[in-house]
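Input: structures, listed below.
The following pair of complexes shares a single chain, chain A, combined with chain B in the former and chain C in the latter.
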Partner chain A sequence: MATPVRPGRPPQIRIRRQLPLSPWLFAAPGLLVVGAFVLYPFVSTLVNSFTDRRTLLPGHFVGLANFRELLHDDMFWTGLRNSTLYILGVVPALVVLPLLLALLVRKDIPGITFFRSAFYTPVVASIVVVGLIWVWLLDERGLVNSLLESIGIGRIGFLSDQWLLLLSAMAVTVWKGLGYYMIIYLAALANVPRELHEAAAVDGAGPVRRFLSVTVPAVRSTMVLVAALSSVNAFKVFSEVYLMAGPTGGPAGEDTTLVMLVQRTGTGLTGRVGYASALSVVVFVVTVALMLLVLRADRREDA
Partner chain B sequence: MSVLEKVRPEPPVTGQREPRVTDENGRRVRVGELVWRYLLLLAVLALTVGPFLWQLSTSLKGPTEDIYSSPPSFLPARPTLHNYTRVADTIPVWDYGLNSLKVATASVVTNCVGSALAGYALARLRFRGRRATTLVFVLAMLVPVEGIVIAQFTTMRELGLNNTLVGVVLPGAVGAMNVLLMRGAFRSLPYEIEEAAYVDGATVWQRFLRIALPSVKGTLAVVAIFAFMGAWDDFLWPLIVLSDPSKFTLTIGLNYLHGTFANDERLVAAGTVIAVAPLIALFACLQRYFFRGVGEGAVKG
Partner chain C sequence: MPMSRRALAAAVVALVLPLSACGSGGDDGGSTDASGKVEGDITFQTWNLRANFKSYFDGLVADFEKKYPGTHVKWIDQPAEGYADKLSADAAAGTLPDVVNVSPDLVAPLAKAGLALDLDKSAGKYRSEYLDGAWAGHQVPGMSGTYAFPWYLNTGPLFYDKALFDKAGLDAAKPPKTYDELFADALQMARKSDGKVATLANVPTIEDFGRYGVTLMNKQGTAFAFNDAKGVELLTRYKELYDAKALDPQALTATPESSGRKFLTGAVAMNPGSALDLDNFKKNAPSLYKNIGITDQITSTGHVNMYVMGVMVNSRTKHTPAAVAFAHFVTDAQNQMSFAKKVAIFPSTAGSLDDPYFTEQDGTDETRVRVAAAKSLKSAVNYTPVLFSEQMKTALRNEVAKALQGKESPKKALDNAVGAADRLLQQD
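What follows is the complex of A and B.
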């Protein structure tokens, strides 16, 4: 039997036929994992934040009690302050320094691929390794202090002062992130039309001027992306401060970050799951707000 | 997704060599500029790689050597592997390494299989609910892990999987971002070949396995590497889910070593070298994919 040929019909729809179940079988493992270990915990965090659930005790609905308690919890404000300070300290450095680094490794001079890879090494290393390396470097008797002493500055207690600790942790975050964002900028820089640079050079613009009026505008959308990524990550900081300041967050817990507080409050056999969930909700809200803020700033500049 | 696609051309870390030293526009680089460029590169090199070398040097210094000297001595006077045997006496570091390896390998397998299958379904198969399924993965990608660890922990307890290596692997077993990466890779393949195979009577499974999958090996490698690195380097989740020291992974073991024997820097240094060496080796061999992963992964925020 000849099938009627309808003219003008694109042939690719034929691929549609298959066993009705097979697409779901394909998607099942992924859906199962994501559903059970990401989306269900997400919903359960929201639900738990309105209960007084503990690790070993089922909770009861307590309305907004957890959130009211947050407002009077000094530790919460300390955590919020430190996580916010972390954004302010880390993001400008991570937006600017990797861009300069990308400009430095961009020229294809001999051996440059080695340097690019070497600069990426801290990204590959575990944050625990990186944290412990810097704990040793910044130790009272460590390398940095030995060097400072031998040039006559004297030793500095990087890891004993509340603010120096936070600054040191920020420096470690920046150190570990440089290579990652450098690669992102390298990709963006490859798209800057060289005619722009040449035209600017012909017009007599020096390197600084060309950087500000050609390079920066050309990679601006990438800078916004980097700002968004790094600010969200900065706000969620945990490991660097945990490792450098200790599980309790430095002197009198003054260096505790919000995620450290979540971890400390919610785990263990006496963990206050309900209250930790309320803290987590704050983490969500701020994270989403940050992304929207940065993306909106981008749009406004476009207009 | 769009931001990076716009700015990402080909992998940045290639570049054709020309006999003369020229810049990316093919113009000759002046010697003076070359000198300051190399000076700056070396300075940054000292800052980024120096700390690793200092750690290596500390781990090789014997018990009698002063590691606190000022000015510091950068090279060990009599290099010894003594600290590596001592760290193994202090904590079961090789068992921890094996645990990390198990977790990382399992994560590679589950991520590759799970995200290839799901990615293929989302890219190529037509079914009611495909858009909704895609949305589920997009939403899952946007959820910050740090915000759900407590609920993940209670979920694991309900499943009786806390304090097991399976519990360490499961939450990251199929990363939503990897699913979307694979979906993108499958979508960018030309339809015609699969169509031809379909006409020849190939089943869905045959089309997936024989035709589509071999064409996305590059992206699959990126997924594998980032799954390995993510599992090997992870700290917060294993710290929460593992409580029995015999089940520790390397990162948790190191944290424990640091907390317990913080005064013995040589030991901690040896431990960190053990933890970081495999990844640096992996990176040295497969750089291309690491860099490619940055471009594709940066979309995840």
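What follows is the complex of A and C.
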């Protein structure tokens, strides 16, 4: 039935400008997932960090007691130290080495795809497999030590010394991460205009100069991204250290990282969920601070 | 289109509220009365047994269902790794199976959370079927009651590599019998091999302290006491071994698996084990198997260590009579005996260890180990205190490592470990 239209007036088109519900309906599935797997765990961790909750026993509100305990917990400081050292050891290597690798493998020479895939293989390999392989290699009687002994250096306790263990784990992280960041750099390098290189070459710049004056500025924002990603990952390191240093986190737990400490404190039937949550909150705060720091450094350089 | 803050808050609450209900479990179901009719669907969870004993458990379940028509048992199995985590996740989510394979240290936190049925109340009539010590194995200090049926027991000898003993000038026919002999042999082994062959591969655990004769807890079970003179003495002697490389340099980070591997490859001369290991030696290290020496666990108390497995009934089960009946069925003398004949474990039921299977030799190594273990089990002790949690084990291990590295004196290290364990105990 057509509504009677009065002559002289344009027909009224009725569009409701705002349907308060429908956009939310569209977003609901995504929101539900985010709510259930991101927001809820986050809020619940935050709440738990102020309680003395145990795995099987409901907690009571204890205010800042968990955080106060943290300050006096030697293991927390050990964890913080190791996680921080991990950033210092791993990030510079992961910012620079993959870039050099990317420069190497972007050359169009026969068989280069083989090398590209080869460098990428560690990324796809399972960290558990990789960890075990390195444990075998670095064992007191492993391949590496046998080689060292045969050339007269003698055996080195890679897996029994606190610092060598941490260094070995860092080496595995770097080795495993190279391929991933190499791909990111390859994409960035493809965007560097060839003319810039040509112009620089015409002006008499050698390869090193061209690298520093053309390539590096062109991929700088990618370097910042890599630094941000790798530092957050380094701070949250778990698997490498857990696999190589064992569940105890190295001799006397001296190689424990913060995330390992969260796992050890908070899991199992007698897990201290409240205290582990407080630890997680600290990890979160530091991670966010790290991101902000890196991004800020980037902005300052832009200005 | 900006959404009002109130609407956002409402959305968040709507998302979060239904979820927060999952965590608390709920107190529905579950009665302690096991006298009703045995019927209903129950779930039974074992700990890493499917791979090798599927047919045994399938048969067990079928027998039970035949004996009690109207029951249905769903059998599930969990891998060895992360079993405690699986239990805690299930317990927190309220999805703990009706009948669960546990060990005493696992049952303690579950009992404290009210999730384990007190069998003194619900199944006291079965008590006399089990060895007294085994029944008491699942009691929790500070609580009255017994929280699991005793299931299988295990203990094992000390294996040693005769070839390595020979090479070090030790008499392979006379393995060490006392701690003094053990430590002396270990030092000689290290000296003769230039520090390349260690005799022990693991740092002392709470169980080792117990076996050495250290008092682990006070009588009331309210505080730990392993920092006494005897404890300090054991740790001091281990430090000597560590310095001489008679204790493997990687012992501080070793796991039972990694030290087992070292024994297989001849890097370590002795390793504790069970009858299960003989098979492993035969398959993976034939040359070791030819030289394998078997001797008794070393102890200064006269009692060897044993591991106890139990079967717990979930206090929130909807079918208490069926769950209790099944837990008893799994652990009764007949079924334990037939399980023991399939695998190198030992029954916890009264009289079963007197069966000829556990007393008569037939000339094989397997039988020798089995008969010796069964004999020692009659007076064996589960040294690990029921209340010694994972977190406490870590604390002890870290302090022991500090003492071995010389960063702390043995006395200081044990004082710290006892302090940490006591703090954790009070938080429970």
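Keep this in mind: the second predicted complex is superposed on the first by the 270 of 303 C-alpha atoms of A that agree within 3 Å, B and C clash if a C-alpha of one lies under 4 Å from a C-alpha of the other, contacts with A are read in each partner's own complex, and residues count from 1 in each chain.
In the analysis below, a contact is a pair of C-beta atoms (placed from the backbone, for glycine too) under 8 Å apart; a residue touches a chain by one contact, two chains touch by 3 or more.
These numbers come from a predicted model, not from an experiment.
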Touched partner set for A:Ala245, first chain B, second chain C, both or neither: second
Which of chain B and chain C A:Ser44 touches, first, second, both or neither: both
Chain B versus chain C as contact partner of A:Gly271, first or second or both or neither: both
Which of chain B and chain C A:Pro58 touches, first, second, both or neither: second
Dominant contact partner of chain A by residue count, chain C or chain B: B
Touched partner set for A:Pro23, first chain B, second chain C, both or neither: both
Chain B versus chain C as contact partner of A:Ser160, first or second or both or neither: second
Chain B versus chain C as contact partner of A:Arg141, first or second or both or neither: both
Shared chain A surface residues [contacts with chain B and with chain C]: 18, 23-24, 31, 35-36, 39-40, 44, 55, 139, 141, 246-247, 267, 271
Contacting residues of chain C [partner chain A, same complex]: 1, 11-12, 15-16, 19-20, 23-24, 84-85, 87-88, 91-92, 106, 109-110, 112-113, 115, 249-250, 252-255, 258, 265, 267, 389-391, 394, 397-399, 401-402, 405, 407, 424, 427-428
Residue ranges of chain A in contact with chain B within the complex: 11-12, 14-16, 18-20, 22-24, 26-31, 33-42, 44-45, 48, 53, 55, 101, 104-110, 112-113, 115-122, 124-129, 132-137, 139, 141-143, 145-147, 149-150, 175, 178-180, 183-184, 186-188, 190-191, 194, 197-198, 219, 221-222, 224-225, 228-229, 232, 236, 238-239, 243, 246-247, 259, 262-263, 266-267, 271, 273, 276-277, 280-281, 283-284, 287, 291
Parts of chain A lying in touch with chain C, wherever the complex brings them together: 18, 23-24, 31-32, 35-36, 39-40, 43-44, 52, 54-58, 139-141, 157, 159-160, 165, 245-248, 250-253, 264-265, 267-272
Residues on chain B engaged by chain A in the complex (per definition of touch): 3-4, 6-10, 12-13, 15-17, 21-25, 29, 34, 37-38, 40-41, 44-45, 47-49, 51-52, 54-55, 58, 68-72, 110, 113-115, 117-118, 120-122, 124-127, 130, 133, 136-137, 139-140, 143-144, 146-155, 157, 170-171, 173-174, 176, 179, 191, 194-195, 198-199, 203-205, 208, 229, 232-236, 239-240, 250-251, 254-255, 258-259, 265, 268-269, 271-272, 275-276, 279-280, 282-284, 287, 290-291, 294-295, 298, 301
